[in-house]
Structures are given as structure tokens and as C-alpha cells.
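Lettered A, B, C, D and E in written order, each chain numbered from 1.
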Amino acid sequence: SKPSEEASEARQEFNIGWSIYAGWMPWPYAQQAGIVKKWADKYGIKINIVQVNDYVESVNQYTAGKLDGVTVANMDALTIPAAGGKDTSAIIVGDYSNGNDGVMLKGSGDLKAIKGKQVNLVELSVSHYLLARALNSVGMTMRDVKTVNTADADIVGAFATPDVQAAVAWNPQLLAMKEQPGAREVFSSADIPGEIVDLLVVDTGTIKANPKLGKALAGIWYETVALMQQQDEAGKKARAAMAKLAGATPEAFDKQLKTTYLYADPKEAVAATSSPDLVTTMTRVRDFSFSKGLFQNAESADAVGMAFPGGKTLGDPQNVTLRFDESYMQLAADGKL
Amino acid sequence: MRWVNRQVRRSDRLMLGALPILLLVVVYLLLAVSRHAENPADKILPLPGAMAESMYGLIFQPDQLSGQLIFWADTLASLQRLGLGVGISTLAAITIGLALGILPPIRATFGPLVTGIAVIPPIALLPILFIALGLGETAKVGLIVVGIAPVMIRDIAAHVGELPREQIIKAQTLGASSWQVMIRVALPQAMPRLIHAMRMALGPAWVFLISAEAIASDVGLGYRIFLVRRYLAMDVILPYVAWIALLAITMDMILSFASRRLFPWAHGVGH
Amino acid sequence: MSTLLTLRDVWVEYGDKIVIEKLDLDIAEQSFVSVVGPSGAGKSSFLRLILGQEAPTRGRIELDGTPLVPECGPDRGVVFQRYSVFPHLSVLRNTMFGLECPKAPLSGRLFGSARRAARDEAAAMLEAVGLGDSFDLYPAQMSGGMQQRLAIAQALVQRPRILLLDEPFGALDPGIRADMHALITRLWRDYSLTIVMVTHDIREAFTLGTRVLALDKRRHDPHAPHRFGATVVYDLPLDKPVDAPEDKDHSITIDENGNN
Amino acid sequence: MRWVNRQVRRSDRLMLGALPILLLVVVYLLLAVSRHAENPADKILPLPGAMAESMYGLIFQPDQLSGQLIFWADTLASLQRLGLGVGISTLAAITIGLALGILPPIRATFGPLVTGIAVIPPIALLPILFIALGLGETAKVGLIVVGIAPVMIRDIAAHVGELPREQIIKAQTLGASSWQVMIRVALPQAMPRLIHAMRMALGPAWVFLISAEAIASDVGLGYRIFLVRRYLAMDVILPYVAWIALLAITMDMILSFASRRLFPWAHGVGH
Amino acid sequence: MSTLLTLRDVWVEYGDKIVIEKLDLDIAEQSFVSVVGPSGAGKSSFLRLILGQEAPTRGRIELDGTPLVPECGPDRGVVFQRYSVFPHLSVLRNTMFGLECPKAPLSGRLFGSARRAARDEAAAMLEAVGLGDSFDLYPAQMSGGMQQRLAIAQALVQRPRILLLDEPFGALDPGIRADMHALITRLWRDYSLTIVMVTHDIREAFTLGTRVLALDKRRHDPHAPHRFGATVVYDLPLDKPVDAPEDKDHSITIDENGNN
């Protein structure tokens, strides 16, 4: 569908939502460290970085139009705003989960031992997707386990009870679960690198009418990421601040970063976005989503269209609602911000 | 005629009562239609057609995986949990509330504890609740009980504590022991208030049920609502909420009717 | 007759308001004491003392020579000025209450033949107070006088040793009142009760009682009316034969005793 | 002496009341110690030392970035929201509840609507609420209001509806209009019940506050609890919950005291 | 004197219980009607009818020739048998209530000099009923008789056109009762009130009233006592001079009228 008319006007003030996840912590840090203001001032706009404690709610708020942009995983960008008819552009491909999501089992045995077990996870999320991929990898299907929906904030507590033998979670919860005696990670996103991608998405109409916003966001992101990659005092301080914002200790936060593959270099991000691998990944993701009924009343998995750099599309080209837009990352790579 | 004296006839009452609710429905429809005019794929205020379609599947078509009719399985599971939770709380309210209200030493000893438990938001203590009760049905029923029982207990205790002292004295002069004062004077007079307390607690009970189901569950009305919230499926959420409201209002009406029927003396048989 | 109740230097105060002041009194067993006095003098407070509902702020009360615990049992019966019946019980159940409790310690309810016996006894008492056709009414459905009669029946069916009545016949018409007088006199005689009755009807006080007490303030300070409490200002033993039939038209009017 | 007559002295009352609470604390400590003996890294039942350590930082050390003392900033933010939410609900309860209770036409028209709103679990409507009210303070206060006001309104309405008819009649013979019956007969007699209703509502109010803060917030007691719950940091959660309980009990005591002070006639000045 | 109230073929029923049956009655302006009758006959129900608190199940009631709306205003004053004062107001505020409401439509409260005037008027009335030193008590802190006097003061301070009294002096001792008789007679005369008073004291009924009505059942079916209601069985106009001073020791006893 077309982006709505009102949203296309040029505006001065924008709200970007974020929720707590290792790969998104640069955003609030940038806000506090003044990096946001610096770039916003440069482009003569105002950007509010808004924390939403509950991840799903942040995406819902974006879908409802209360936020102009939000941090989100690729699968949720597809199933929530895009499937809901909201034309969405992913302008920053920030990282992929390289172990930040994992399947946990108690007791001995490898992944195959999960057969017949009850698995606690946030249903219909990337965890669900990860579980499906994990089961695939050992020749099982979703019918071989029984899933129990468990809120992400409570999954650590749930995993601590003897009732729960298997669970899927992401960081920082995953780390806390690994610390429990007798718990082991049997599959992780490191086994499917590049499939769980964390994005910053914005409303397509808004970004079209306000390219300044895209430029400012790209500027903020790469400056902050560069800062946190530094192995000196400044970088350490930045990471410690991010840890604090996430409610974690610096050590725990560093551990989480290790399992997050940050596209710190914009060139690399552009390459990843333009690579055909992303199309493959998104095909898998949307097939999974469709099979779970996440496209609601849609006839086929093609109902929701996606556009990739270079004019490639996936699904219904008349109904493109998720666009991977590398142009702003490209500007950053070219140093034209 | 002064407004305080204007009694409303039964038939008019139904009509008047329906009015604001109908109005709300109309406002909703107008908003929904205007949003859909802008964005036909709008998910936030679905049109009745979309809701009917989604619900049709849940109500009539068995789920591929489990073979159940999802809507009815959800309803049954939730009602069971709610019934158990409210039942246990009611029992606790009438026994503990009665004892607290009428026996000063018990009140002195356990009153502060009950107040303490009543004011602790159980949502905050979920991890401990999990450890104590596991993650199964017990935990869900437990959350409802921990959530509503203390409030009910305090309400009954306060009510019983306000019985005219004369009645207690009178009963004793008629040979009643403490126990008999409790079961023959305080208990029957607490019953209508107990039903009132149940009616007041139903709202919070649903809240805790839904919270519990949101946390860890695989079936239930609250589970479904929180599951589909992931893709903002208001076309399922709204009918589910309406169904919950309908169930809750039915319970409320049954309780209110039962109270009038069983305890006529408490509902102004006089003038 | 032996002394049943002894009050020695008894005071009742509410905050700094003195209601009863330095009361010294002995009440003999099987006496019928009428208490009169102006409104607000402290007659109901006096009954509450004997009942054990309230403890005196000073002084001591003895029952049969032992200090009275501030607690009342089935040896004492009472008809309060207000709230005297259970609103949640029908007339019949209200009256059976006193018969059921002592016999069924656990459930407080009787069943089978015991229940039928209690029912019959209660029904007979209700007939005697003229509520024979109102067994199933709730108190809220009854007139003021009917509630008062119910309270009387409830207290009498128990046959307490000491019966305390606070204006029990105030809301009754002369006909029914005469019936009640006859009833209470008969029960008093047959069961050797000790009765303390507060009344505003001087004639009633003298016809029924074997002793009339007038409670009133001995002193009045118009600037600090609450600084003085009431005590017994007249104490008239009536040497009348206990078995004299109740006399309806006694035709004396002793207003002077009751007030000022 | 029969138990119904055993009054407890003030000093004994304090001691008796503290007893079961102390007992609970001891049970907790025993459990915690035994768990730590098994697994020294146990997070679920932290020892007092760990709690003190964690809390010390939050209470006394300013946050590097914002410069705030986190604990106090959380408390302030939460109290503000709670105060607003409870305040608005109380206002609604006394105005709407009064009108519903005493004016039959109003009751007929809006009674069913209020019941409807009261029984809908607001948690189920969270997505709508946040969309309607945004992510700011309004939504949080709104959730509290939607959650507790209807229950309070119904309670007040029921109480006012049970005032003896004689009083209403009497007031009218003394020249009172409907309005005057409301403000001079019903309102003052509803006040003690209003305070009672507030005390009963405080528990649910905290629940809703915490739920709201769990979803969209960046400061507040509930936010912090949900933030650290991701790490199962019970050493922060438990002190926070205890602090909430302390705050809630203080409010409860203040309200109870105020009621006795302001409305002595409602608290058995008689016998 | 013109007719104030007209009742024509009035019935009152609760469920299938008939309380008042076929009542036809005219009440003249400025009359003082005493109503007597056995307990439970329906005297209070009769007052509730005139008050407009309850509508008759059948028949019609007219006030000044127009049908009576089932609503009562400041033209009618009432002292109920129970619940007659506001528990949340002190004695003084209870009495001022009727003076404040009509004058302060919005706040229902007076301030400044208007308040002082109302206070003085209320205080004077309280002095007249003997509550001069209890201004700040709450009803729960008062004795039964004090509450009754407060209810009387509350109703009288208003000077209603029709005053309905349900056993207003039942809980008062003879001295205070005589004072109240004098007070009510004076107000009745001075302000041309119309008074309907229920009482159980036959002497009081005859001394105060200009007309005595006896309400009772005309027929009694012992098997279906509730199938017959009460109506006026005696209607005695007393042609006594309105200005006769009240006679305390009237010394007549007409028990026969009141019951059976």
C-alpha cells in the first residue's frame, strides 16, 4: 500500500523507540552522550530516543504510528508492521545474532534430547524461529515438541523451576539461564549466522519526506558503534554505560557483545544488505511466519511483499511493505554524512 | 419530581442501560471506518467483518495441531482457573475474614500480615511464586488467589468488625460461644457482603488470570490475547475482550441475583 | 433473699463526661427492680454495667460475691433499646436461637426431634407475645412494636437467671402491654428470675416492681453539666405480696420521682 | 473469657502483629541459607548481605550518566503516578459513585456501562490503552484509573444505595433538593467508605502501576523490577518489593488514621 | 376549617399481605389527629402514605384537592420511629440542617450572619427539648430518649405545614414528656400546623388531639390473618377548646379504644 499522505510531510521532530537488547544499546547511549543531539542539530531536526520496556509493545507502538521508527528483529519487522500494511523501511542493518539467541536444555544429552519435551519460549518470535531451525537441523519438526508461551521478562524465573526442562531465549536472559547449574545451550544463533538480523526501521513515508532523519540516524549509529568498538578507556566507558542502561554488569554486557555480530563498518552492512543471502534468509523467515499464521488472513506466503537493494523483490510486488534500504548506510560508507 | 425519587421502570431500565454502550459501539465503528478509509490494512481498529472472520475460524474450525476448537478450549481453561482461584479466595475470605473480624486476638496477630500481603503487588514477586508453585495450573490459580484473597479478607473482616456490638452481646446472653457467634451471627450476616466482595474481586481476578496466562501458558483467553498481541491482531483481541466482558457480566448478574434470592433481608425487604 | 449483685463506688465516664457517679447498690435475688429516671440520666449505661457489656471506669461489681467479669453468658438475658434482634433471621429463628445454641455447641443448629421441640417452645412464646402469625417475617418487615415483642420473646424463651429490660414495652399499645405485663409477671414468679427493668412509665414501674430505683444527678452545675453524674436518688422497696395479681388501673402518678 | 471478648492491649497488639511477619522472615532466611549451601551462586533467594550491597549502590551512588540516585528517582516517579491515578480514581468514585447510588435515572443509564468497564480486565486492553494514550505518563496513570476507578465507583454506589430510605425522605422533608441530599446526606456518609475503598484499591493500584511500568517506562519501581528480572536479580527485586510494601502499608495506615480522625461517628463512638 | 388531605378507598399491600384496607378519610387543616391502634396495625404505614414515602397500592390521596405526588417536601415534617437523625452530624448540625437547605441551594451550608442566625434558632429549639448541653454530641453518643428529642427538634425547627409524628414521645420520661407536650401544643397553635401523631398513650392521644383515630382490623380470620387489613374503626372528634392549657393529670384511661 501507499504510505499515507499526512506522514509524508516534512517534519522537525521524530520519535525513535528502542527496547533493551545488546545490539540496540548504542541508541540510548548515544542519546545520553549527546551524540544524538549533535547529529540532529547538524540536520536541523529533533530526535527523541524513547525507551519502551516491553519489546512487543515498542513494535506495536510503531505500527500504531506513535513512533516514527523502532529497533526490531527482521522477523518481527515482517510479521508486525509489514504484515499489518504499514510500509516500513529498514535503514540500518545493525547486527546479526551470533549466539545471542539459544536453545537451552537441562540435564545431559544434545539437541535430540528435546524430542517430546515441553519448551518454554516467546511464541511467534525469533525464538520460535530459532527452535524451528534447530529442530530442522536434526531432522525433527515442531510436532516433536510442545511449546509453552512464556513472557520474555519471566523466562529466567520460569527456567529456574524444576517444571521447565527446555527453553529458548535471547540475551540478556540467555546469559542468566546459562548460569543456572545443569543447564546447557544445545543450539544457538551462531549455528545459523546472519538469519536473525537486528534492524532500525522507520516509516517509509516519513523517511521519504525527511531524508535528513535517515542521514542523522546513520550518523549517530556509526559514530556510536565506532566508539564502543574502541578498546581504549573511552570505549570501555561507553560499553560500561550501555551495560548500566541495560541493567547489566559491564562483564555480562561484554559477553553479550561477543555473541552479537555488529556491522561496525557501514561498508560491511551495505554488503550484507545487498547480498542474496538476505533474500534467502527472508524467504525462510516469511515461510515460517506464514506457516504460523502470522500473515493472518493472507492466501499465501507471497501476500506480503519485500524489496531489497537493487530492485529485487520477494512476494507480491504490488504490496511491498518491507523495504531494505541501504542508501543511508551507503552514505555513511562513503563518508558523505 | 426530584431526581432522587425518580424510579425507573424495568423495561426503561434495560433501554437506558443499553444506550451508552450502544453509543460507544457506534463511536468505535465510526473511528474504525475512518481509519480504514485511510489505510485499508489498518490493524488497530478492525472492522466487524474482519473480527467475525477471524473469530469464525477460532470458534468453528479445529486447530490443525491439537484438533481443538481454540476459542472453546481457551474459554474452558480460563474459566476453570478463574473458578478455582475465586473459589479458593472466597473460602479464605469467609473463614479468615470472619475470624479476623470477630476475634480480637486473631485480628491483632494476623491483621498486619494480611494487610502486608494485600498491599504487595503479586506481579512483582512472580519468580518466587514460580519457585513455590511451579509453572503449571497451580501457579495461575495461585496468582489469582494471592491477588484477590487478601483484599476480600480485609473487606469481610472490616464488615464483620462493624456489626453492632449489641448483636454480639445479645448472642452471648442467648448462650452462644465464640464459635457460635461466628457461625450463627457473623457468618450469615457476612454472606451478602461476601457476594459483594466477590463481585468487586471479579475484575481483578480476570486481570491476574490474564497476567498469569500471559506469563506461561499454552491455552486460555489471556494466553491467546497476549500471543496475538505479537502481531497486533486486534481482530482477535477485541472479540476476546468482549467475550471476557460478557462472561464477567454474566457472573456479576448471577451473583447479584443469588444475593437477592438467598439473602432477602439484606436487600431492603423493608421500606 | 440473698444478695445477687453488689455495686460498690461505681463510676462510669465517657472521656471527661461523668455519667454515673459513686453508685452503691445491692440487688437481691428474685427481686424485680424498676429503674426510672430522666432521659439521658444513665439508665441504659447502668444496665450495660450489670450485663457486663461495659466495665466501670472505677469501682467494683460483684455477682454472687465474686467479681463480675466483663462478659455475659446465658445466665443473663437482655432486651436492648435498639438492635435487639438479628436482622438475618426470621421471627421463629430469632426466637429459637437461644434454645439452639446451648444444645448444639458445634453447629449451633438443632435437627430432628430436638429441633421440633425447640420450635414448639419458641412458637408458644411467640404466641404469648402475640406474634403467632408472623413466624416467617424478617425484622425489617415488622412494625416497631412487633420487633420489640420479638426481642422480649427471644430473651424470655431462654429463662435467664437475671433479666435486663431496657424500656421493653415502650412501643406497645395498652392492650398488648397489659398482656406483656401478665406474661412477664408469670415468668418471673414461675422461674424465680431476677429482673431489672428500665421504664418511663411510672405506673408500670410500681405495678411490676418490688423495688423502684430513681437514677438522677444529685447536683447540677449549669456551666459544666457533664461534670456530675447520676446516682440513685430514690430507692423505694415495695412490700407488696409477690403473688398479687397484676393491677391494671393502679391509678397513681408519681412524676416527682422520675425527674428534676 | 470468650475469644470474642478478649480485647488486646495496644502494646501487645504491636508485638502480636509483628510475630507472624518475623516468622516469615526467619523462614525465608532458613530457606535462603539452605539454597546457598547447595548452590552458592543461587539468585532466587538472595541473602541479606547481597541485597544490602545491591541496594547500597542504588540508594546512595548517583548514576554516572543521569546523575540521579536511582532508587529515589524510581520511588518519586512511581509515587507520582500512583498518586495521580489513585487521586483521579477517588474523585471519580465519589462523584460518579454518589450520582449512581442516589439518582435512580443515572444508575439505570450508566450502571451497566460502569459494570461493563469494571469487569473488562484492563490488562487485556493494554495495546489499545497505550495506542490511545501514548507512551507517556498519561498511559500509566490511565491504566491505574481504568483499573481501580470502576471498582471504587461500584463500591461507593452500592454503599450509598443502601443508606436507609428514611434518611433520604427525612432530608427532603427538611427542604433538601436532590443536589442537597447528595452533598449533605450521601456524600459525608460515603466518605468513610471512600477511604475504605481507597485502602482496598491500593493493592490493585500498585499492580497496575507495575504492569504499566513494565511495558513502557524508563524510570519507576516497576520498571526497575522488570528490568532486573531479565537477570533474575532477586537481590534488587526483593528489597524493591519490601519497599513497595512499606510504602503501601504507610499509606494504608495514614488513610485508616485519617478516617478515624475525620469521621469519628463512623467508627463506633457509641458502644 | 378546610379539608387538607383526602384519602379515598386506599389500600396498602405488601405482597399478598393486606395492611391497610379501604381507608376513606378527610383530614382538616390545622387539626391535631391522634392515631392509636394495636402494634402492627399499620399506623406507621398510614403515616408513610401521607408523607408520600409510599404510594398506595390502590386508591387515591389528595392534598389540597390535587393528587399527592409520592414525594415529600419541606411542607411536611416527620419524626420516624427509627433512623430519624443523621448519624454523621452533631446535634446542632442535625437541627440546623432544615434551616440551611432551603436558604443555601448550592452548598447546603450557611456562612456568616445567616449561619449565626440559624445556629441561634436551632440552639433555642434544642434548649426547648432539653438538649441545651449536648450540642456537639453525635447521635451514637446519645441515649435513646435524647435521640428522640433531637428528631423532634429537627422536625420542629422547620415549621412544616403538616407534621407527622410516629410515637415521638415513646422513650421519654414523664417530666420531659410533659415539657414536650407543652412545646408541641404551643407550636401547633402559633404556627397553625396540621399534626398527625401516632401514639400508644391513650391519655396523650386525648389530651393533645382534636381528633382521635383508631386503626385496627375490622375482621380477623385466624387461618389467614394477613388477608384482612386495618382501617379506621373509631373516629372521635374532640370538641375541645384549642386554647385550653395542657392538662397533665387528665386521668382518663380508655384502653378499650386502642386495641382488640
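Just so it is clear, a contact is a pair of C-beta atoms (placed from the backbone, for glycine too) under 8 Å apart; a residue touches a chain by one contact, two chains touch by 3 or more.
Predicted, not measured: the structure shown is a model, and the values here were computed from it.
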*If you take the chains that touch chain A and keep only those that also touch chain C, what is left?*
B, D
*Which chain has its C-alpha centroid at the greatest distance from the C-alpha centroid of chain C?*
A
*Provide the C-alpha centroid distance between chain B and chain E, rounded to the nearest whole angstrom.*
47
*State, to the nearest whole Å, the distance from the C-alpha centre of chain C to the C-alpha centre of chain E.*
28
*Taking each chain's centre as the mean of its CA atoms, how far is chain B from chain D in angstrom?*
17
*What parts of chain D, by residue number, touch at least two of the other chains?*
2, 5, 44, 126-127, 131, 165-166, 172, 177, 214, 229, 232, 268, 271
_I need the residues of chain E touching at least two other chains; which ones are they?_
53, 71, 82, 141
*By residue number and range, which residues of chain A touch two or more other chains?*
60, 64, 154, 156-157, 160
_Contact pairs between chains, per stated definition_ = A-B, A-D, B-C, B-D, B-E, C-D, C-E, D-E
*Which residues of chain E touch chain D in their complex?*
51, 53, 71-74, 76-78, 80, 82-84, 86-89, 97-98, 100-102, 105-109, 138-141, 154-155, 158, 160
*Inside the complex, what are the residues of chain E that reach chain B?*
48, 53-54, 69-71
*Which residues, counting only chain E, touch chain C once they are in their complex?*
14, 36-41, 43-44, 81-82, 130, 133-134, 141-146, 148-149, 166-167, 170-178, 200, 202, 225-226, 248-249, 251, 253, 255, 258-260
*For chain B, which residues count as touching chain C in their complex?*
164-167, 169-177, 179-180, 183-185, 188-189, 263-266, 268-270
*In their complex, what parts of chain B are in touch with chain A?*
38-44, 50, 53-54, 65, 126-127, 130-131, 134-136, 214-218, 223, 226-227, 229-233, 235
